[in-house]
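Here is the structure we will look at.
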Amino acid sequence: MERRTIFGQRLLPVVLVAPQFLLTLIFFLWPACQAIWSSLTRQDPFGLHSQFAGLDNFVELFTDPLYRASIGRTVFFMAAVSALSMSLALFLAVFADREIRGRTIYRTLLIWPYAIAPAMAAVLWIVLLQPQVGILGAWLSRHGIAWDYHLNDAQAMLMIVLACAWKQVSYNFIFFLAGLQSIPRTVLEAARMDGARGWHRFRTITFPLLAPTSFFLLVVNLVYAAFDTFGTIQALTQGGPGKATETLVVKVYRDGVVNLDIGSSSAQSVVLMIGVIGLTALQFRFLGRRQLT
Amino acid sequence: MAHAGHCDDRGGTASNGLTGTGAGFMDWSSHCKRTVTVASYARSTNQPGKLLMKRRTLLAATVAAPFVAVEGSLGQSSKIQVVWWHAMTGANADEINRLARAFNESQSEAEVQPIFKGGYADTLTAAIAAWRADQAPHLVQIFEVGTGSMLAAGPATKQVWQLAKETGVDLDPAIYIPGVRGYYSLADGRLASRPFNSSTAVMWYNKDAFGAAGLDPEKAPATWSELIAAAQAIKGKIGTPAMGAVKFPVTSSWMIWVQLEQYSAIHDLPYATKANGFEGLDAELKFNGPQQVKQWDRLLGMAKQGLYEYGGRDTVPDALFYSGQAAIGFGSSAGRGDIVRNSKFKWAEALLPIDPEVNAHPINSIIGGASLWTMTTKQRTEAEYKAVAQFLKFIATPEQDAHFHQTTGYVPVTFAGYEKSKADGYYEKQPGTDVPIKQLARGTVTANSRGLRLGRLAEIRNILYEETEKALQGQQSGKQALDNGVSRGDRVLREFQKSVGG
Amino acid sequence: MNSRADPVAHVVLVLGAILFVAPLWLVFVGATQDSAAIARGDLSVLLGNEGFDVYARVLAGPVPRMLLVSLGMALAIAIGKIVISMLSAFAVVFFRFPGRHVAFWLIFITLMLPVEVRIIPTYSVMSDLGLINTFTGLWLPLIASATATLLFRQIFVAIPDELVEAARMDGAGPLRFLWDIVIPVSGANIAALFVILFIYGWNQYLWPLLVATNPKLDTIVIGIVKMIAVETQTDWSAVMATAMLALLPPVVVVVVMQRWFVSGLTEGEK
């Protein structure tokens, strides 16, 4: 974040940052501290018996082979969803950026899925893919394909990756499009006149110019896959079959809300938080510095 | 990246000390070596600025509108407010609203306000969060698996017997059917929470499919051997036109609840020590006994032979029956409404099949559903608690209980409600609706059939789903699945015990 | 570049559109079909026979009010977030004040704590501030999160120094610079953010459910969920009709904001 040119004022920036910082303090940092404190306790749901448990909750997590498997599963899931949704979105955005007739319609059609309420989206996926009564699901069964995500680990994982990536494509599409639209046409014209076309031009000019957008989206997508996919997974597979689709955030919900194990779910959230922060820090460190000439 | 003959100065921007993620993003000034001044830049790009302004004013006005409209209409009333948080949606929610309305119209001191708070788990979480912030509602609908947690809640709740004692309102537990109230009572019979929407497990079967398989449509399989025989007969005819949409003989919703919990109860097998947990927090799970393992092996065997189709967890398999794909479906008696509405074949409701070799005199099944808990706050007044008690008394009157039962499909929780429904001729008009009640009232309640009082029961069920799903995929045997369920489940129970200071 | 025939682009976009429009089409036709048939799995891909009466039925209830509440929330969140995030990012990128790295990272890590864990402590904070069951309580905690801050930070970091220098030479102070240069330059991204944040606010379910008990504060998504019964009869066609209505304002926002994607600054210097 080092710029050569800055403004000299000292008080003004503090005033500008204050509103967000204050809200963050009250609505995030304070609850986060309480969550961290909870992770060091063992308590009943109503908070009537609270005992300090030190790092017991964490030890129990990491000595549980099922939890460790969850971590690996979540990393895979995050990578798959991010890669799939970002690449598909970029692909579509590149074409939607072109000056063709009807592009406003195409763009609207590709953006609207983001607007659909998660609860409704989950219902639609079930309507489509349920093995026995789903439109696509029943079609697959009728044609001899053994489609049953209730009893097939790989199919269940495939389904949640597809469902979660589908929704995220629109989000990525909007920002890729904005990023592409912000590249001055003159730059692209210059490159074209220089003989750089198609894939070559994309690789050497467009994609590097999209770097800020791509970086932003990578961070956001990984965080989305880690946290915001909970609703979709819960609605589709509830983490089953076995534990095939139980990602870390699904487990947090199960332990926090269903099980009312405040200590363990807080500890899991702390682990999740540290993991994602670490991942993001790594991204800033290694991807943020890349020279782009 | 040299573009000979074209204005470029890309190298400059890339090395100006930025972190590089933004370098070269917009090459305004360097391109074509034209200096851009603030003024000229602003001029050429003022369009968005102006539009932004106009838009902002318009938006500001639009934002203000909802504020005014919404804030202005959150009115108050002068009667005693009783806030009731529930987890019902659709037609059941309509009936809850009707109950509240009926109570409000029947007297003028208090007003009950039902509020939807999400599913059962979310409603419980909301209640806990609210209590911790001293904002708890007066009444909250908690599902049966949350009973363990609520009983350990101490001062956060006022149990029914307590409420009755303090307010003087008569809330006699004896009016409730034993099979229903046992789940929510203390070991000595005092009632902790008021049973509300209660259902039990039943077997639904497709009469048309039975006919097509050469079975007597009016005779439901009464034992498991009869069930398997029926399933095989049906399987033999699948694909023939007479069978219609049937693709599998048997499926089951709520597999753990129906096939393990209920099975243990009606055959008088223990699910856990200490009277299924009623007598202590140190209970240990016992559902891996030899008979229960046999039951599990039987289901796994049926699945392998194509007689049993696993349709998923909880209510997901419901659709398999009423869409006509499964000829026999196990599920909750509360699913009747969906079957009535969605099915296109003749069907019937029947008792769960039994194993006479395991127990020749089966007893009652246990209930599922939810009950109503009274919660406390620091400022709650006696008058408010009295209003709550009066509401609980109101909904227990025969008219209200019968109406609730007949509209929602849940069982009547009081004897009087059951008698009134009989008098109304309801069970003739809707044949089969008395099956769950008959099953709940069968025999004498024992320590194994009063219900389950296990902390974090929802988690134990999830564990069993996981282990069973693995077994269904051939990754382990039925015995291993149940054994794993016991060892993992026991760990959960001990955690719960520690967390509530027990 | 003028409009030209680009068959490859059309094919790609049509396929993409089908992939993404298909579910919307299903919701649309589902609203015209019989609920029982839908429950059975007989959802047809064609328009059904029940017609559009279901919309009249649905609009007679609390739905219009819920749409209004959702609209207020969505606007408050979108505008609120954009404003405070832009100010924060601007401060962090263009000034050198003590603690700015710390401030940015503290704001940024808020992305990384799942909401399920924050529920209980956030609820008691809201209660202490008297925000339970108020309209303000619906949106205020939701504008703090850091996605927009990160995006603005990326954009601002990329603004060439020459531009800043030029502004200073012209005698423009930081706020003038913000208004005249930074905001216009970010135009396309602000539009994108507005769409995203509006929809984010529009689809809020868990938070309004927790914080508001007055049914008059129900959002449209809560309304949809309330109609999807768990154990008994869901009126599927009504659910889908409500979902269609719930989709209209976000789609309108998307269409309107399209102009910004183009009118941004693609013209370059003219």
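Labels A, B and C are assigned to the chains in the order they are written; within every chain, residues are numbered from 1.
Just so it is clear, contacts are C-beta pairs under 8 Å (C-beta built on N, C-alpha and C of every residue); 3 or more make two chains touch, one makes a residue touch a chain.
Just so we're clear, the structure is a prediction, and the values are computed from it rather than from any experiment.
Relative to chain C, the most remote chain by averaged C-alpha coordinates is B. Across the assembly, the chain pair joined by the most C-beta contact pairs is A-C. Remark: chain B and chain C have CA centroids separated by 30 Å (rounded to whole angstrom).
As a whole-number value, the distance joining the C-alpha centres of chain A and chain C reads 16 Å. Distance between chain centres (mean CA atoms), chain A to chain B: 29 Å.
Multi-chain contact residues of chain C (touching two or more other chains): 40-41, 120, 154-155, 157-158, 161, 177, 225, 228, 264-265, 269.
Contact with two or more other chains is made by residues 1, 3-4, 130, 132-133, 182, 184, 186, 212, 215, 256-257 of chain A.
Contact with two or more other chains is made by residues 16, 18-19, 21-23, 25-28, 31, 122, 125, 128, 132, 319, 323 of chain B. Touching chain B in their complex are the following residues of chain A: 1-4, 42-49, 51, 130, 132-133, 150-153, 182, 184, 186-187, 190-191, 193-194, 204-205, 208-209, 211-212, 215, 238-243, 254-261, 263-264, 287-293.
Chain contact summary for the complex, chain B toward chain A: residues 1, 3, 6, 8, 10-11, 14-28, 31, 121-122, 124-125, 128, 131-132, 149, 152-156, 247, 309-314, 316, 319-320, 323, 325, 456, 458-459, 462, 465-467, 469-470, 472-473, 475, 492, 495-496, 498-501.
Remark: chain B residues 13, 16, 18-19, 21-23, 25-32, 34-39, 41-42, 44-49, 51-52, 59, 62-63, 65-67, 69-71, 73-74, 83, 85, 88-93, 115-119, 122, 125-126, 128-130, 132-135, 137, 199, 315, 319, 322-324, 332, 334-335, 337-338, 341-344, 408-409 touch chain C in the complex. Only residues 1, 3-10, 12-14, 16-17, 19-21, 23-24, 26-32, 34-35, 91-92, 95-96, 98-104, 106-121, 123-124, 127-128, 130, 132-135, 138, 166, 169-171, 174-175, 177-179, 181-186, 189, 212-213, 215-216, 219-220, 223, 227, 230, 249, 252-253, 256-257, 262, 265-266, 269, 272-273, 276-277, 280 of chain A touch chain C when the two sit together in their complex.
Those residues of chain C that touch chain A in the shared complex are 1-6, 8-10, 12-14, 16-17, 19-21, 23-24, 26-27, 30, 38, 40-41, 43, 45, 84-85, 87-88, 90-97, 100-101, 103-104, 106-118, 120-122, 125, 129, 140-141, 143-147, 149-151, 153-155, 157-158, 161, 164-165, 168, 173-175, 177, 188-189, 191-192, 195-196, 199, 202-203, 205, 220-221, 224-225, 228, 239, 243, 246-247, 250-251, 254-255, 258, 261-262, 264-269.
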